[in-house]
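Got some structures for you, see below.
Next come two complexes, and both contain subunit A; in the first it sits with subunit B, in the second with subunit C.
Up next is the complex of A and B:
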């Protein structure tokens, strides 16, 4: 990285502020569509931080995969399940939120004290950073990380097939029943009746075999 | 630039992710919080890779693997949310009690 020290500090501050603000918006805003778009802002800010850390390939992959794939997938999921529903109020919910905020702040202060107290032995801080990170990453992937690389491809295939199998509408619910009037430990889905395929009923494909 | 700044930023992002994971009631927002936490881990990995191991960039290799697993997790998680939504007609986390005693 050939940027001057001041430029690095300023861009780090701006990117960090944008990232923390957008992440707080993701968690705290009521409208979930705003949260999804702010999540894209978080990902882009993190990609800028990766550029500050001399990781250009990972920054490009971050923009491609997170902003281009994961964020769009989340937006599609919001559109598919988007129903204006008012959640039932829970008594004492602010107690839960306050306790969680307290625990999270405690965790952050613990981590911060740990980070600031530890003397990181950056003995190689004077070393020049690697220039062509893409070539180095490719060499790592195809020499000493070959087995995890192939396993990642198998994992992606399994996730693809599994997501399609889970999300496909296999059964048809008869009517939507609320969870109160439904017997416990059952699902309202019902096996689809096989459709008779013959010459006589081809005109009315809705008729099911009885 | 120092290593501590990036680690503090990643710790803050991770804490925000945990807060959203515990308190949010919309199931899609839970997935967003998980993505935030995974990104905090990636930031940690790249910071260590840049400051402690600048020549052989093994941290970036691990970050790429984490990104791969995060993409697979997002796909499967959203498929599960769609399936639950079709059965329960809600995305409220408080009503997903099918496996609860």
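Up next is the complex of A and C:
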């Protein structure tokens, strides 16, 4: 074992510990803002793992997109959520929790079986580190992965249009329920407010926070 | 095989950057007066008194901007390998990238027309 391998093993262990710890914090912490910031830590650790695998462009893209954009989006979504309201307790909550646990355990065991049954040695022994992975990625994008590349743009277009359509609901619901008659919220969701941004009656933070 | 060459500067940056907050916090802890009167505990020592909770609902426009930013961030990341390998790809790669950009410009035009990029 030379020095590079030792550095690799140590940094892999550190990154794995940081990632698992941050992921546990995401799940277990009560404050959702802490969870969002720890999720950024998880993403950064994954980017470090990409660096260890000589995938420098993927690591940079991971930091750029996940930490810089997706995590900011999650934080903005948290900022959109109102402060804590009193919700009715969900009936049959343990059934939902049990189902969630079952699904999560099933996914975990599926991934575990996949990891154990894959013969990793054949794929890593003869692999030569690429000189410049970005150039290789570009060549693959525009030769044999052209269709997924173009489909990615269509997917981005769909995401953009759909997000705009959902976020800017340009209609008022037909029956506007007055706040006194509203039934108590049952799901952990905020009540849908009628908004019409295009009509100029936007909801400012001052008017809604009361 | 593992080649971690060329990352010495990154490692140095990480080391330097991680010492900055530690040094800043410890220096301010050593330098500041330790006396605590209730005026220093306020959020803005010479400003307005904050009222209510800090957790208010923000405007949805922040979310719209972040959403549009994510889309075009991903587009930029996809275009970066094309720009690096531009000389090897030739005219065909140029046309393919133009198609990619044209599809996304449709989304940009849609967002523009719907006013998602305006703040007012």
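Basically, the second predicted complex is superposed on the first by the 125 of 210 C-alpha atoms of A that agree within 3 Å, B and C clash if a C-alpha of one lies under 4 Å from a C-alpha of the other, contacts with A are read in each partner's own complex, and residues count from 1 in each chain.
The definition used in the following text is that a residue touches a chain if its C-beta (ideal position, glycine included) is under 8 Å from a C-beta of that chain, and two chains touch if they have at least 3 such contacts.
This is a predicted model, so every value here is computed, not measured.
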Partner chain in contact with A:150 - subunit B first, subunit C second, else both or neither | second
Taking the superposition as given, does A:35 touch the first partner, subunit B, the second, subunit C, both, or neither?
-> first
May I ask you to decide whether A:141 touches subunit B, subunit C, both, or neither, giving the answer as first, second, both or neither?
-> both
Applying the touch criterion given at the start, work out whether A:159 contacts subunit B, subunit C, both or neither, answering first, second, both or neither.
-> both
After superposition on the shared chain, which partner residues are touched by A:73: those of subunit B (first), subunit C (second), both, or neither?
-> both
Using the superposition described at the top, determine whether subunit B or subunit C touches more residues of subunit A.
-> B
Regarding the shared-chain residue A:113, is it in contact with subunit B (first), subunit C (second), both, or neither?
-> neither
Once the structures are superposed on A, label A:97 by its partner contacts, choosing first (subunit B), second (subunit C), both or neither.
-> first
Please work out whether A:5 is in contact with subunit B alone, subunit C alone, both, or neither, and reply first, second, both or neither.
-> both
Which partner does A:51 reach: the first (subunit B), the second (subunit C), both, or neither?
-> second
Identify the overlap between the subunit B-contacting and the subunit C-contacting residues of subunit A.
-> 5, 8, 52, 54, 57, 61, 65, 69-70, 73, 76-77, 80-81, 83, 127-129, 136-137, 141, 152, 156, 159-160, 163-164, 167
Which positions of subunit B touch subunit A when the two form their complex?
-> 1, 3-9, 11-20, 22-26, 28-29, 31-33, 35-36, 39, 42-43, 46-47, 49-58, 60-61, 63-65, 67-76, 78-83, 85-92, 94-95, 98
Residues of subunit A that touch subunit C when the two form their complex = 4-5, 7-8, 51-52, 54, 57, 61, 64-65, 68-70, 72-73, 76-77, 79-84, 127-129, 132, 134-139, 141-142, 146, 149-150, 152-154, 156-157, 159-161, 163-164, 167-168, 195, 197-198, 202-205, 208-209
How about subunit A: which of its residues touch subunit B in the complex?
-> 5, 8-9, 12, 16, 19-20, 23-24, 26-27, 32, 35-36, 39, 42-43, 46, 49-50, 52-55, 57-58, 61-62, 65-66, 69-70, 73-74, 76-78, 80-81, 83, 85, 87-88, 90, 96-97, 100-101, 103-105, 107-108, 111-112, 115-116, 120-122, 124-125, 127-130, 133, 136-137, 140-141, 145, 148, 152, 155-156, 158-160, 162-164, 166-167, 169, 173, 176, 178-179, 185, 187-189
What does subunit C use to touch subunit A in their complex?
-> 1-4, 7, 52-53, 55-64, 66-71, 73-75, 77-78, 80-86, 88-89, 92-93, 96-97, 99-101, 103-104, 106-107, 110-111, 114-116
